[in-house]
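Next up: the structures, one after another.
Shared chain: chain A. Partners: chain B in the first complex, chain C in the second.
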Partner chain A sequence: MGVIARLASGADVPVFPVVAAGGRLAAEALRLLPGVRVEDTPRAATVLVVVGRLTRALLHPALVVHDQLPQPRATVWMPIGVDEAGDPEGLLSAFPSVTTVGAGDTAGLRTVFADLVSGVRASDSPALPDMEPAHWRGVGPYGHGGAGMTGGVPFGRPLPARAPDPDGLELDQLPLQLGPLHPGLPPGLVLHVGLQGDVVRHAEVGANPYQSWPGDPAPGPLDTATFVDALRLPTPVADLELARARHHLRWVAQALRLHGLEALGLRVAALGGSLSPTDRCTVQAVTRRLAGSRSLAWATAGVGVTDGGLLDGIETRLETGPVRRAAGDTGDARSDDPAYQGLGFEPVVHQGADAWARLRQRLAEATQAMDLAERAGMRVRDPGPALEGPRGTIRLDAAMPSTALCELLPALLAGSEWGDAVTTVASLDLDVEEAALARSGSAPASGGRIAGTPTGSGHQNGGRPGAGAR
Partner chain B sequence: MAPFGAALAVVLAAGVAVLAGRWLPSSVSSVAMTAPERVPFLGGGLPEVHAWSRYHVRYYSMALLFLAFDMEMVFMYPWAVVFVEEGAIALVEMLMFITILVLGILYAWREGALRWA
Partner chain C sequence: MLLVGATLGLGAYAVAVLDGVGARVAAGGRLRLMDIAAGPLRRAALLARTSRSTTERPDLQAWALAPAIVAGMAAAAVAAVPFGPGIAVADVDDGIVLFGAAMAVVMVGVYLHGWSANSPMPLVGGYRFIALALSYEMPLALVLIAAALPAESLAVGAIVESQHDLWNVVRQPLGLPLYLVAGTGLAFWGPLNGADGPDLAGGTSAEVSGPALLAWELARRFVLVAVAVVGAAVFLGGWQGPILPGPAWMALKTLALLAVLVWAGHRLARVRLERFVVVAWAVLIPLALVDVFVSGALAL
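And now, the complex of A and B:
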């Protein structure tokens, strides 16, 4: 190995995660691994890490991203919740070469990276066939097209159609499919947006890539697994509340990363990852610091306001949860829960209904959860039909809160700038895999589409099952 | 002849540098990208339309700011010339003028003219 190769292989491994079914927690944990750098774009990454069980709907986006990694590149699979043979359909064989590495196995990742940069391992060849989407040259000597400046099909793609603007102009609107692997959106979320400049004119939620097909294993493990399990099994209240605080801290870490406060986000993520009942004062300090942050308030106040009956106007009912309580609603399933009687539980409520209120709401709930965990002692909650999860009430026979949160998106995002749209989506704390969890009595989620989202134009890529890949 | 020789050498060297600059990168980078490798990153999606698009630059807010600051500068040039002669009165007058302009900007700000979306 030459000097340059040895120096290069000592660098942090730049990875781009593909968050497949059940892989959300492990993908977030990648950020905390020493010697691994999670990149926000495949152009800066060297190793594509598929975390969890790949689904058919995720295969084509993953192959597109695979080809967007510059050479030399490698593909690694971290199986989560499935054994090493957990790819019964052989979806991973669509990649040129895949190395299986255990979750959190930094040494394995480093070996792949070092072999790659030293030339021991060959770089992955492209996974998709080298075909232009269409013959690139339009009419005319420069292929720029037909009549005037806006005719033709340059580089095989038509020019965007026009749409009205609030100022009374007719301006081009770019129809884009963002996700399911966009680092600014929750993993798996597919947004079909119409962009004028950086203003989101309309947004629809596309097909859920985690939707189970007949014969697929169950989704998960979900990030709210502790709460879902507590519907059926007796669970200590202290465990539930610690899991809630951990969940909110994980969310805070993601939100901080999206606001450019990556180092602070990593510290909060590390605190959430190793949270113990003795960390009450630390959580309180984090809450105080962030709730008093003027820059965060400036970036999130007035963004993504859920007023005017928006929360009641969706098809799936959002009973409780931080999004409701940040809008002044006192509903909380813990108020009627016998396990919480006598603990002095009072629902935390914020006013404002915007992203800033939701941030402070979750911080306050994390602190409250630490208090409750301390006071609960050895108290055990008996299984019951309804439970307050970190996103809202979880019931055995109803849709998960994320289903309702996904339905909020079209109305919330229309008319906002792209940066505010990212803030809004993050502030809802939705989990697409949780939304794919079909429950008896819940809204029909068949057809691979999240219930309640309109079907319209611009969905050509929505349900493509990756048939074009080999 | 000597000065012309030096100029000729510079021109020749520049020509060689330009040619080398064009030839070297393409000869070093032997990797040709396939069509899917050239596609912009959209988080797994593919672009449906070309990125040539006209968007609203919102000149209104820019025009407003330009007017506010440009009128101030137009007035400040002659003011600077006579400032020493006039003394404190000129300073007070300019402060009054700027206060009126700032009120205009604050009004535009409150009305949301500086908002992009």
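And now, the complex of A and C:
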């Protein structure tokens, strides 16, 4: 092995994660692994890491991203939960080669990487044929199918069409699908946007890639599994509140990354990952520091304002949650929860209804949760029909909060710059997988997976990314 | 030539190491100096051994040219700076104008990099840089003019000598802060990284890999180094200082400015572009004008 190869095999492993069903927590934890570098673009990565159970709708985007990795490249699968039927449909066989590595197994990841760089392991061949999605020759005077020089879909790529901008000018508007693997959006979120330069003119939420089809295994485990399970099982209040603090710190870490403060985010993520009741003062210190940050205030104040009845104008009801409380609403299911009586619980509320208020709201709730966990002692919450989760009220028989949060997006994003749109989406803390689960109308069961029919392998479009119920 | 190459090369490595230290400190992790020192070299080796990506119908010539333009402009800027009495590649009569012009051409390089990939995210990154560039260029040009007034010359060497008694950072307290804001923007670094940010999946570099990515990351760090080198010469007295030889002082002052820029990158959140433009025109440019008028009145 030459000097360059030896140097290269010692590099941090550049990975691009594909967050599949149940993989969100493990995918976020990748960033904390020493010697692993999570990249913003597949072009900069060497190892594609599929975390969790791949769904049919995620397969095609994952294969496209796979082929975008430069050579040498490898694919690694991190299944979540050992005894689960991780890939009942055999979707992973569409990849040229997949090595299974346990979640968080840095050594396994390193071995794959070192073998690849030193040439012991062959680089993955493309998974999809390299061809135009459609032919150039369409209709119209220039063959692109549009009118004049704009419009049309040459090679299956829609060209911009003219549309008025806020100043009354007619400007090009580019129709674009972003997600489900865009690093600036929550995993799985698909946005169909019309972009005029950097400005989002309109945005619609696309098909949910975690949506289960008949015969599919149940989604999950969700990142809010502790709370969902507490609907059915007696749970110590201290456990719930610690899980809440952990959830909010996780969210803060992701938000900081998108605000260009990745290193600071890692510190918060590490705190959240190993959170114990004795970390109360540390959480308080983090809260004080971030809530006092002028540059964060500057980046988030006035962004994604949920005023003017926006929160009540959506189809699914958003009962409570940090997004509502950051808009001055005192609603909180814990106020009526017998398990919280006598703990001195008062809902925390912020004014402003913008991304800055939501950031401070979650920081304050994390601190409050640490206090409540300490005061709750051994108190146990009995199963009940409703419970305050970290995103809002969770009920056995109603949609999860993320469903409502997704419905907010079109109205919130229209007219904002793309950077502000990313800030807005992040500030809602929505989880696409949780939203997929809500549509079935019933609360999830933790177990009870049904194996689906295995689809044929090969390089065909097993995905159908445009399909799905919506 | 060697001087310029060594300055940019060592400077870029220093940026990578400083950035590694800054990231570890901000993340609250242990400082493993060996890893931090070797990390940039390992990553460079990996990128050198990785294949180049292509997209559907890219503008290949412009794509290859973009990092060369950016790196070349950084080199041109550094060439005009003296590292000691008489030690300069080309201490031209209007070196400060050359620097300003070179930084304006960086804009072309960044936009080309975004344009030529024929892909939406890089293109938006390129747009963003163009949209913001004037907001950086104006204060930059103004504070440099202010620094040239006491020297009564546009040559960087003359500006360095004019600071024999008093550094410009003291004489013109508005100068250096405004200059660093503009410089951060020109290198699309930290809080002003609109062109290559994570919200655009890497922006103008979203579609480049391997050697092309290495070239781009180097070129971008070269701009940061050029900003620090010129800043050290124009505001911190350049090679002047007791005991140590001139080049050593230049190196120290450049490293100090790089440390400030890297530290800011880990401390300050990405700014909102629209708001930054408003602040640039309503606050930064007027302040830069005040800097020019006051410096001019004092120089009379």
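Definition applied: the second predicted complex is superposed on the first by the 408 of 470 C-alpha atoms of A that agree within 3 Å, B and C clash if a C-alpha of one lies under 4 Å from a C-alpha of the other, contacts with A are read in each partner's own complex, and residues count from 1 in each chain.
In the analysis below, a residue touches a chain if its C-beta (ideal position, glycine included) is under 8 Å from a C-beta of that chain, and two chains touch if they have at least 3 such contacts.
No experiment lies behind these values; they were computed from the predicted model shown.
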item: Partner chain(s) touched by A:41 [first = chain B, second = chain C, both, neither]; value: both
item: Partner chain(s) touched by A:61 [first = chain B, second = chain C, both, neither]; value: first
item: First, second, both or neither for A:131, with chain B first and chain C second; value: first
item: First, second, both or neither for A:171, with chain B first and chain C second; value: first
item: Which superposed partner A:415 touches (first chain B, second chain C, both, neither); value: first
item: Partner chain in contact with A:180 - chain B first, chain C second, else both or neither; value: first
item: First, second, both or neither for A:163, with chain B first and chain C second; value: neither
item: Which of chain B and chain C A:10 touches, first, second, both or neither; value: second
item: Which of chain B and chain C A:267 touches, first, second, both or neither; value: second
item: Residues on chain A lying within both footprints (that of chain B and that of chain C); value: 41, 43, 68, 71, 132, 155, 157, 174, 176, 182-183, 197-198, 417, 420
item: In the complex, chain B residues that touch chain A; value: 31, 34-37, 39, 41-57, 116-117
item: Residues of chain A that touch chain C when the two form their complex; value: 4-5, 7-8, 10-12, 14, 39-41, 43-44, 46, 68, 70-72, 117, 132, 155, 157, 174, 176, 182-184, 195, 197-198, 256-264, 266-267, 270, 293, 295-296, 298-300, 303, 417-420, 422
item: For the chain C and chain A complex, residues of the former touching the latter; value: 22-29, 38-39, 41-43, 45-46, 48-53, 56, 120, 124, 127-128, 131, 190-191, 193-194, 197-202, 205-210, 213, 265-275
item: Partner chain B, residues of chain A touching it in the complex; value: 41-43, 58, 60-62, 64-65, 67-68, 71, 126-133, 153-155, 157-161, 165, 167, 169, 171-183, 185, 190, 196-199, 415-417, 420, 458, 460-461
